[in-house]
Amino acid sequence: MIELDNVAYSYGGGELLSELSLQLAPGSFHFLTGPSGTGKTTLLKLCYGALRPTAGQARLFGTDVREMDRDAVAMSRRRIGVVHQDCQFLDHLSLAENVALPLTVAGEPISPQDQNLRELLGWVGLTSRANALPPELSGGERQRAALARAVISSPEVVLADEPTGNVDWEMSQRLLRLLVELNRMGVTVLIATHDLQLIRAAKSQVQARVLRIVNRKLQSAGVDL
Amino acid sequence: MIELDNVAYSYGGGELLSELSLQLAPGSFHFLTGPSGTGKTTLLKLCYGALRPTAGQARLFGTDVREMDRDAVAMSRRRIGVVHQDCQFLDHLSLAENVALPLTVAGEPISPQDQNLRELLGWVGLTSRANALPPELSGGERQRAALARAVISSPEVVLADEPTGNVDWEMSQRLLRLLVELNRMGVTVLIATHDLQLIRAAKSQVQARVLRIVNRKLQSAGVDL
Amino acid sequence: MKVSLDTLRALGRGDKAGDRVVPPTGFTARLTVFVAAAMAFLAVFALALSLAAGRLATSWGEELARASTVRISAPSGQVATQTEAALRLLQQTPGVASARALSEAEQQALLEPWFGPDLPVTELPVPQLIEVTETPEGYDAAGLRLRLQAEVPGAVLDDHARWRKPLVAAAARLKLLGWLSGLLIAAAVGAMVTLAANAALAANAQVIAVLRLVGATDAYIARAFVRRFTLRALSGAAVGTVLGVAAVALLPSGGETAGFLTGLSFRGWHWALPVLVPVLSAAVAFASTAVAARRVLGGLS
Amino acid sequence: MKVSLDTLRALGRGDKAGDRVVPPTGFTARLTVFVAAAMAFLAVFALALSLAAGRLATSWGEELARASTVRISAPSGQVATQTEAALRLLQQTPGVASARALSEAEQQALLEPWFGPDLPVTELPVPQLIEVTETPEGYDAAGLRLRLQAEVPGAVLDDHARWRKPLVAAAARLKLLGWLSGLLIAAAVGAMVTLAANAALAANAQVIAVLRLVGATDAYIARAFVRRFTLRALSGAAVGTVLGVAAVALLPSGGETAGFLTGLSFRGWHWALPVLVPVLSAAVAFASTAVAARRVLGGLS
């Protein structure tokens, strides 16, 4: 689905990532970890076409991102659900409308009473806040809303950047279970996280690969967990 | 230093917190925990005068917040360092200038070469990013910068809302050590966090009280950790 | 029938959803409407000014065309012959388009303010006046004077109206100035709507980023803003234009003699011209918002 | 000396730090400058228009004040006595401020355009003209006519200039309109600067929130914005005023006869009036930004 081939990336200074390769096969489940500032978010951005590699090749659904025009990037984002580290919303729309936004911009608007939407909000524990505006949400509620927004449009890939940094342990288990369920239905999942406990908990539920960014490259880290 | 006396708070709907009392004695070290959405951030906001209790009394440094005018609130904030859950910065100023901002607005500007500032940035691992603009920082770097900004002005109280949600375990230990050091120097510390591991780690270094919000009230939670 | 109705309904639905994603009116929105209205109001005035200056230049130009007079003062018996001689001479002069002796009635009309309507012009030794119309090139006044002196002793060439020539030049310059100020106002509308659109887009940077991140195409995002700004500029400019036209229509009119300013009005089909103002404002808003939106979007991946 | 220097330096440093916390110019900033400049330019024109309309109203009013004439046509011998009789009668008429027989030279000047400078007025049966100045209340024209007919058979009252009365009313209305449009433009400047300030403050909501959170007082935050907006409005309006004054000065002047528009200029000390425009703009910007900043700050805890 998403392939990075000998990719390098630099924000202008030295190279942040170099000679990095990654294949996200359909139905796979990956964790991405590494100290703060090593480039996890950068790597995710390369995976959904927000950044273009300064060297090497990134392919989304078989197409080189360099050959994709802006509309093609927009279209590919409808097949990739992303939970951003700094979850941003449209502050003038209700939580439910924000969660449904990917469908709205794809031209398939759903009503706030839609069954799927209700179920999803229930799963992430936001049913009672469905009509709240984003600025009225707590940090954890925002994160859960961002996850709900990422999966509402039944994407083929879910990329989640630190989706549990602001929620308690029980809720993070619940969110993990949601992602595992989706993965069982064939969705490819990549989660960037610092929470090693979460990774450990996941390992009992799903066949997950753990990747670590070390020295600007990806390493498999299964042993030391 | 900060006292909440039978305080209640409601955002308009039902009461979120009620009959809640809290004393932050000088030099004390508190953790605040509880599931997402139970009112940790709200409680911190009551502690630094961003919200006024709908019932009961909140006293900052001996003064009832209801008797403080806007300037008095501003002045009290110079004695309280706050790490906000959604760390916001002035996007047009460099990281170093942002960290020094509390001094700037207090009319005691320091230069980016100031020794204290350099040391502090070194401690939180941001020396190399000192000249970056906030939008160029990673999630964890922003959180560390927010912590640095909260303690730069040698406050008497530090209130930190989820200061380690986006940093790795080692860095969170480092940040904790910084807060513990400050606490040894007499600074009162209150940390809201979901990270029970962090609380456990702290207990070995400092005499910390753990508070939990249950049923809209505060409970001491020492036993079950 | 069913299909087209459905399509329309879908369009309506789509538009509503598209409109919802842009935050409702804030200060920048009100600013755009206000700017459009104020500038449209002024544009209508500038338009009226330009047209009035144009009319003034035309009428002054016409006056100049028949500006000079030849005055024949001679003993009563000789007036007729000298007039004829002068007319002949004038008709042969290069640069003179036509020459015509004023009739008694005309002379009397000219003198009435001073002597009253009962003045017996024929009984007075009133000089005969000849109206000389110049060609655009004009004639050589000094040469004509010499020849008149030689052939028609009682004739005096009075090209006193020549002082109007700089006036006509002034009127032409005024006309230019009017159009120039119209252009300036148009440019100002454009600049201000562009700036307002940019300010609004800057204020909505987060909205644009979020939309882009959840998979909206550039066209979708731009359309949402462009439609809104075009409508704002159109409505604002329409209000301003209506007010401006009403103000121009209500300007006190003192008749032709009342000087220039009271002529600051539209004549005939010119009343239709202000319709262009909102149309052009909307076009400017459309173009500038589209460009601004593309520019902001270009900065996002 | 050392102390005051230090104080100054500290002030300068403090200001610089205060200025730094507000983001440098963006679109809303440019918008403010542009709005101030454009509106100042127009304000200068409106000012010139009002003043010119005022002058026009005054001069038309003066003309009206000596508007009527009495014309005495009589056999040569009787002109002098009838003139005296008429003057006597006029001086006794209520509503007549003064009456004066025109001198020969004056009559000649009036007739020159028609008869040339060599006209021997005394030799012609030219009627004697008496200039009648009315009091503000005016006289009863019909009654005066009857009495003149009875006592001075050769006298004709000609109040033809009375048609100017509606013109003077028109000029007064114009003057009002000029001041009104000046006021309108001032209100528009105020509204637009307020809106621009609000738009900029809305765009800087995060800056304000961050400053408030790190312990800045309301006065500190408001000052940073107010100073900047006041300076922007001042500089923008100054540029606009200079351009406007230059444009007014460069307006082609056709002399007194050239009608109203070419009189669209300042006279004497009036040239100093436009200085008020940037001063007032800055004052408006100061007040509106202060109010807007307080309003935004009031929404934050």
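Note that the chains are named A, B, C and D in the order they appear, and that numbering of residues resets to 1 at the start of each chain.
Just so it is clear, contacts are C-beta pairs under 8 Å (C-beta built on N, C-alpha and C of every residue); 3 or more make two chains touch, one makes a residue touch a chain.
No experiment lies behind these values; they were computed from the predicted model shown.
Novice: What chains touch chain B and also chain C?
Specialist: A, D
Novice: Farthest from chain B by Cα centre, which chain is it? Let me know.
Specialist: Using the mean of the C-alpha atoms as each chain's centre, the farthest one from chain B is C.
Novice: Where's the contact count highest, between which chains?
Specialist: Ranked by contacting C-beta pairs, first place goes to C-D.
Novice: Can you work out the whole-Å distance between the CA centroids of chain A and chain B?
Specialist: The computed centroid separation for chain A versus chain B comes out at 29 Å.
Novice: In whole angstrom, what separates the CA-based centres of chain B and chain D?
Specialist: Computed value for the inter-centroid distance: 62 Å.
Novice: From the mean C-alpha coordinate of chain C to that of chain D, what's the distance rounded to whole Å?
Specialist: Computed value for the inter-centroid distance: 22 Å.
Novice: Indicate the residues of chain D shared as contacts by at least two other chains.
Specialist: If we look for residues of chain D contacting two or more partner chains, we find none.
Novice: Can you list every residue of chain B that touches 2 or more other chains, as numbers and ranges?
Specialist: In chain B, nothing touches at least two other chains.
Novice: What pattern do the touching chains form: line, ring, star, complete or other?
Specialist: ring
Novice: So which chains end up touching which?
Specialist: A-B, A-C, B-D, C-D
Novice: Could you please specify the touching residues of chain D with respect to chain C in the complex?
Specialist: 26-28, 30-31, 34-35, 38, 42, 49, 53, 56, 71, 73, 110-111, 113-116, 118, 124-127, 129, 156, 158, 160, 166-167, 169-171, 173-174, 177, 188, 191-192, 195-196, 198-200, 202-203, 251-254, 257-262
Novice: What does chain B use to touch chain A in their complex?
Specialist: Chain B reaches chain A through residues 11, 33-37, 40-41, 85-86, 125, 129, 136, 138-141, 144, 161-162, 165-171, 194, 196-197.
Novice: Would you pull the chain B residues touching chain D in the complex into a rising list?
Specialist: Counting only chain B, the residues touching chain D are 45, 49-52, 70-71, 73-75, 77-78, 82, 84, 88-93, 97, 101-102, 104-107, 109, 149, 153.
Novice: Quick check on the complex: what are the chain C residues that touch chain A?
Specialist: So the residues of chain C in touch with chain A come to 13-14, 17, 20-21, 23-24, 206-207, 209-220, 297, 301.
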